[in-house]
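Scrolling down, you'll hit the structures one after another.
Look at the two complexes coming up: chain A is in both, with chain B in one and chain C in the other.
Our next item is the complex of A and B:
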């Protein structure tokens, strides 16, 4: 196979699979709580800064994973209790509150680290030969880990008792509560879980991104478009949505430039809102 | 009117005296925040009035600033500026209107979708401004923009901003009190009812968004000559976010809230940003607290008290104009509707399975059938609320399959919903007015105060039948369930429809009220010569009213006939008793 084509295909797969990890956290929270967490991208950003912090302390890169999970879990708990739970019945206000939270987190990080772009060194240097194409090892590893993560979570969601409970609550929260499923606790855990997933994605992506306080914006918008295109509430939708948005953006950006990639994605999202408001795979 | 003039005079006097009180430096600073305040007023309109939130308003501010800056650079001292500068202020309005039509057409829900699209657009605008070096000057922006010809010192700049702000405030004050403002607040309360009253929802919302674009445009167009510098940050999400915070903290639903927010927070920020390193964080926290606990904002504590002092309801002294007759559909033959083999499916469930139903003359008809028979779905299919998979719907002799509810309302189809659907935070008078204006009011009627005084014979009759409806200053949400049912019914009736679809109009009513409703329906149906179709479970109601009964079962028409015929029908009995049909 043509090495340039192979590289491009691998880039698309990388883009799609890492995007899917970020969206998964947002989608699970939205599915279960009906809360569109606009600060989701900021949890990715905090994850990335954890990686930066760990490297600045000369600790091994992997130490960033528990740190990011801890920081975002605590943050998620506090946010769920103070912001999300009081607003369960007011989805529009939740949107506003989490948007305010996203500003708060962004400004807080900026107050500590400033606006400068930080770089995180890649923990795995070198490249691997994939069908004749020289591909960076870290990206390849990331792709594999992301796919495994999404697949594992899907499997767990379908098979485990907790997954079944979550699906029950998504379907009918009142009935789920009346048969003894602890809805409040489940909602809290799910929110924290979503935040942690974002943080994990942030750690993993940190070496490949210009780490700065506004990094989350890009992710929340892209994730939102994925949900628009794929439809809310199904995993097939999530993956196909990530495929369309991540795929189109990386292809267009590769051939033209980033502004065009961004514009194309935006136009696709608007067209979907217009012509297929429930996405490719609507919740039935 | 007198209060409006007094209000205007006070505002203008205050703005004129201000520079003498605060000195030149602060006047200059204020001038800048006045421009931001004008843009923030637009957020107040969209969010505080019509209920949808734009998160990317800076793109309009920035666009106008670039257009105005480029005009001033390239046409310095030319008379063309007299056209170009207003054009720079209006262009963002047109863009906003276009975006509004595009986005609101697809989805009637305001929720996160609109907000996210605008946020994405503002990031796109920033990227374009930042990278299109030849035109925008790229990262460094447009520099050395000449000021407005003939204006020199800081005080002049202040007065230009102050005049612009005063004009915008007075315009908005007028629109908020005019019928247009009532329609906007109605949109925020209940979009479905607004559509079923005959307003094209996407046009209303796009118009509000367009207006907010013009406001941002005015601010931006004046920004360029005042600051002499336009950078990409002016289109960015940070300014967009600030505009929303100002409106929220100042009070998004109030007239002066966005201005107070912009000026107060803007000046505090300018003062404290360097002293307190966490100022932006504190500001974000304040915003969250406002969203959680003080949704009315600062001016929400002050303004309503004053409004109550000078607000008086307009007496209903004008008869509303007659409904414009839809052309070519007069005559008895076209009085009714026909459903031909209509199929509707939701998920994997077939709701209507080849429903045939034809009514071709005025009268009162009842649709009955067990739960799940497809009665309400039949109404939903007729009013374009449920997608029809196959089959045809004709109303007044024309093909109307999938026609939108607002158009149907304008040609004379009125619908009352099962659960009362009205505007709980508006007064009874305003609820009536939405019913009267829909389908009758033209654009100019909506900006005229006199339209508050519209009345109609049916409204007067209804108020004498139901005395509580004459207490027009009450909040609709404070009425009892039965009263709300009747209010919604009257809202539908005063639009004078020729086809009336009533979904369980007597649900939750007392016996005396039910009797009143029966009489009102009979009276109005006769007077309008309308075709009235009622979904009802209450058999006494049906027996008393129905000229003819249609029985639905499992998405099909099971039987039709007079009350006696239906009562004798074996198949109908079987369905109701529970035997399989």
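Our next item is the complex of A and C:
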């Protein structure tokens, strides 16, 4: 196969799979709690700063994983208790509150690290030969890990008892409480889980991104577009939405440049809102 | 579970509440003892379902109190009430449509306990034949049966059923009545909202008739004739 084509295909797969990890956390929280967490991208950003912090301390890169999970789990617990739960079933207020939270988190990180772009060294250097194309090892590893993560979570969601209970709550919250599902606790755990998934994505992506306080904005926007295109109904929608948004952006960016990539994705999202507001796989 | 006070297993008084600032149910009281059935009757829209939601913790009380086995339930969420032994079948959306029949029956139990459901599958073979189908594909009456089976097979001492016979074929309504008689004989308490007078009177020991969110008639079922009840229900 043509090495340039191979590289482009790998880039698309990379873009789609890493985006899916970020959107998964946002979508699971939205599905169960009906809460669109506008600060989701800031959890990605905090995860990335954890990677930076760990390297600045001369600790191994992997130490960033438990650190980011811990920081974001604690933060997620506090946010759920103080912000999300009191505003339950008030979607507009929740949007405002999480938007405020996202600004607060950006300011807080800026106060500590400033606005400068930080770089995180790639833990896995070099490249591997994939069908004749020279592809960076870390990107390849990240793609594989992301696909495994999304596939594993989908499998868990479909097969585990907890996954079944989450689906039960999404389908019929009133009945769920009455059959004995602790809905409040499940909602809290799900929110924290979403934050941790964002943090994990932040750690993984840190070596490939200019780490700075506004890094999360890009992710929340793209995640939004994915949900607009895919629809809020299902995992199939989420994955196809990631495919359309991540795929189109990386293809257009590869052939033209990144600005065109963004513009194209924005246009697609607007067209969807206009012509097919419930996305490809609407919630029934 | 044993009543620690010797009083009724379930009692409520002055129950008042509704949706947001709107009050739908006003000062409703009642009680059910172990081995007894109480039926709540009333025309459409008088607040029977709202009363059930208030008793099961799905809506907050504006005032009044609810107690189970001598213990006040104030502010307890539905899952905690379930853990104490309150088993509730809602009137609308009684099952998880997106889960299979089997998943509906085993959601809270790791593996299906055939012994637990054997008698029900014998009475309602349709359920066993639809085990792997999603509950959303069942007819309205079949969903009510699934919900009924899920609830009656649980071990909780109090069953709260909101119009269990709605949309269910007559022969299956009779089988439901059979299971409810067994539940009473086993010492469980039943609080049932019904529109089907014959079904209700067949199992009720006590009757509460509601109108406009209030109790307009209450007493032993034996003292009431269908005519009296019908008169109160169709004014």
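Keep this in mind: the second predicted complex is superposed on the first by the 284 of 284 C-alpha atoms of A that agree within 3 Å, B and C clash if a C-alpha of one lies under 4 Å from a C-alpha of the other, contacts with A are read in each partner's own complex, and residues count from 1 in each chain.
The rule is short, and it goes like this: a contact is a pair of C-beta atoms (placed from the backbone, for glycine too) under 8 Å apart; a residue touches a chain by one contact, two chains touch by 3 or more.
Fair warning: this is a prediction, and the values are worked out from it, not measured in the lab.
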- Task: Look at where chain B and chain C land on chain A after superposing the complexes, then choose clash or fit.
- Result: fit
- Have a look at where A:172 lands relative to chain B and chain C in the superposition and call it first, second, both or neither. second
- Greater residue coverage of chain A in the superposed arrangement, chain B or chain C: B
- Report for A:101: first if it touches chain B alone, second if chain C alone, otherwise both or neither. first
- So, does A:89 touch the first partner chain B, the second partner chain C, both, or neither? neither
- For the combined three-chain view, what is the angle at the C-alpha centre of chain A formed with the C-alpha centres of chain B and chain C, to the nearest 10°? 70
- Would you check which partner chain A:273 touches, where first means chain B only, second means chain C only, and both and neither mean what they say? first
- chain C versus chain B - closest C-alpha approach in the superposed model, Å: 8
- Would you please give the residues of chain A that touch chain B in one complex and also touch chain C in the other complex? none
- Given the complex with chain C, which residues does chain A contribute to the contact? 161, 164-165, 167-168, 170-172, 174-184
- Item | chain A partner contacts - residues on chain C that touch it in the complex | 53, 56-58, 77-79, 82-83, 87-88, 90, 93-99, 103, 107-108, 110, 150
- Item | Of all residues in chain B, those that touch chain A in their complex | 53, 55, 102-103, 105-107, 110-113, 115-117, 119-121, 123-124, 127-128, 131, 237, 241, 248, 277-278, 280-281, 283-285, 287-288, 291-292, 295, 347-348
- Query: Can you list the residues on chain A that touch chain B in the complex?
  - Reply: 36, 38, 83, 86-87, 91-93, 95-97, 99-101, 103-104, 107-108, 110-111, 217, 221, 224-225, 228, 258-259, 262-263, 266, 269-270, 273-275, 277, 284
